[in-house]
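Shared between the two complexes below is chain A, which pairs with chain B and chain C, respectively.
What follows is the complex of A and B.
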């Protein structure tokens, strides 16, 4: 093997990684605490990727692999859209597109007591917050925010829910506002709830507007900002 | 002494490879992999709650269903399912989602030789598409031994039937790393030299087998480069 001139080690930040790539070497980073997000695993002193995606870094010390999937990996603190599958005496079983069903305690509502337990039928769509998500346990949900207020959590009435990928949800929730939503917001009025588990709920006054917004959002995952604006302009011209 | 292969390939030349992911709407992950005329479609559903009866609940469970192009499901399909299940179990991380089942369904679209390696590659691409946590990827290939002792890579069906023996091999993909070269080693050899799966048909001597391994490894390094570029 010929000797190569020594070059600086490859930097994987903002690069595509595949499972197995070793992206960080902890032995060169002493006296630092780093936080590993989804898609990375520690193997002794080497941090390797377990999913295919783009490696991202946020100051001061967070690393994660960004990828878009149809299923969701529950994380504490996320807001998701769940569908009630069953109700027990002390919690509701809610499907959040994860590996297991999640539990929503019957008392996890603002001002919730044993006397005023909400009655959710099977199939009810809820906007909830993930409180705990540990390996091997069912995730726990809540319809209150961290301070105990209702804050828009709970049942979503009317409207239309569709499923897409987690990458689209993150794009819709990014700041500054996603171009599709901004362009629609200037011309139509609609309500939207985005779950980080790949579910999106939209509501508008007329069904035509509702279908327009829903279809445009579904198409916009792979489009750039300029393409999204052009798509929205074309659709609005056809309607008005 | 040049061997004339039916389609004019050199002994070490693979058939044209094509891979596309995300082709099935309802599956959580899907991929189609074709090598020459052999084409396989893989779909992944999961992880879903619950494991099968006798499986360890502290680990994730995998279930493989092999659907042939024609005919009923019999013993050869069950054998392929078992080989694929063991291969995929060794590349997946089993403790990330304990007590869950992931189903992988393989549909044979066309069989023109080298079916099992094609299925392993397709299943691996489908697992990546579904976001199942993996230790590393698998690249699989078929090496065959001709009657005059030459090793031919990736034979098609007519070539396979005239061979003294052939072996399906799966290797880990070549990884890019920030560690200095030579630090990720097991027993003095880099990780890419490990074998995941080896299935032999027919008979060959030990030296021939080792030669097949060597050629197969080199070809799988090229396949790894292709897999990496197709995952962009």
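What follows is the complex of A and C.
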């Protein structure tokens, strides 16, 4: 945290914050409605951070703390990679790296009826969407998007899945395209599915390419854009 | 026979009398092969004289256990319960009081999705009706199954009576579907009971 002169209130936007930092004072911001995202908590007039990370602001009024951790807290609307743990008569039990197992209803598939229920074995990797995630209840998943189409959700065949932090997942999904993925995309062909719960699945034509891409992604979380491009160039030179 | 001492402590298996002199009431049983009445609970024995016009003039002996004076939920009674678990189609609750009396042992109740309210029962969202930790007033529908009573909150005066917000403040009801936290001003959805006139 940088120290600012005490004459003006310190502006924490895009700065590192730690739990306990009072980042906003509502008594100085009258007649505004602000939206607090994850990592912030209201105590009367003071808004304090409860997670360590970078404070972000989006116009017109959204504040949140961006942090990266290995634990995942299920949130409605997220797309995640889950592993089937068990199947019951009306839903599959899926592990999504959260505090509890999630339920995937057997009918939550495009054109799903009681007659064509998919048969997933224990250990199947699925790309799913979190529909409901309330505190205290098991999250509910779906293999359809909001309009009822299949949209790439479902079982992921072949390939390799590895675990990452939530920060790396968000970096891989950011737009414009993450530098490491863009650099690989120009020279190799590969498929990737990123789960916001800290799981990434990659598939490529040959195992060598697959391992190359997976290892490069795992290394690139702390690298800047330029460093990522250099890393990819070095790896591709060694292969080709 | 110890008929004069009405508050004597007995333990299970103790002889209370012979079947020729007494009838077995609550907490006591009649053993056919030796025609004696034994106690089946630990508690105080009391003897109730037979009604005057009954053909069988034997007094009834009863043993009152420590749980006997606690209330027991009956179908049709209004109970106060604390919600323990909220699931997709039902909520589990711990019954704490039956009417004005508190219970002496643990009773579990279940509020099913179709019993939360009287209108649009298939569109009920359990998480918008109850949260774990809420205190609700409910009506006992039936004895249910071996695990739990079936409860209902499908009336105006039934539902959440007291609830804590996620920030920790005790919420104030503002309508039959919403409660507001006094610390943060956040509104949370519940199935609120109409208290008062």
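Heads up, the rule we're going with is that the second predicted complex is superposed on the first by the 234 of 240 C-alpha atoms of A that agree within 3 Å, B and C clash if a C-alpha of one lies under 4 Å from a C-alpha of the other, contacts with A are read in each partner's own complex, and residues count from 1 in each chain.
Just so it is clear, contacts are C-beta pairs under 8 Å (C-beta built on N, C-alpha and C of every residue); 3 or more make two chains touch, one makes a residue touch a chain.
Just so it is clear, the model here is predicted, and its values are computed rather than measured.
Student: When the two structures are overlaid on chain A, which partner does A:44 contact: first (chain B), second (chain C), both, or neither?
Tutor: second
Student: Of chain B and chain C, which one touches more of chain A's residues?
Tutor: Comparing touch counts on chain A for chain B and chain C gives B.
Student: First (chain B), second (chain C), both or neither: which does A:103 touch?
Tutor: So A:103 only meets chain C here.
Student: Kindly classify A:134 by the partners it touches after superposition: chain B alone (first), chain C alone (second), both, or neither?
Tutor: So A:134 only meets chain C here.
Student: Touch check for A:71: first (chain B), second (chain C), both, or neither?
Tutor: The answer is first: A:71 touches chain B but not chain C.
Student: If we overlay the two complexes on their shared chain A, which of chain B and chain C does A:111 touch? Say first, second, both or neither.
Tutor: neither
Student: Of the partners chain B and chain C, which touch A:60 in the superposed model: first, second, both, neither?
Tutor: neither
Student: Quick check on the superposed pair: does A:176 touch chain B, chain C, both, or neither? Answer first, second, both or neither.
Tutor: After superposing on A, A:176 lies clear of both chain B and chain C.
Student: Show which residues of chain A both chain B and chain C reach, each in its own complex.
Tutor: 41, 135-136
Student: Which stretch or stretches of chain B touch chain A in the complex?
Tutor: So the residues of chain B in touch with chain A come to 28-29, 46-49, 58, 93, 95-100, 128, 130-131, 133-137, 172-173, 175-180, 184, 227-228, 231-232.
Student: Looking at the complex, which residues from chain A come into contact with chain B?
Tutor: 9-12, 16-25, 41, 46, 48, 50-52, 67, 69-71, 73, 99-101, 135-136
Student: Can you name the residues of chain A that touch chain C in the complex?
Tutor: 41-42, 44, 103, 132, 134-138, 140
Student: Okay, in this complex, where on chain C does chain A touch?
Tutor: 85-88, 126-127, 131-132, 166-167, 183-184
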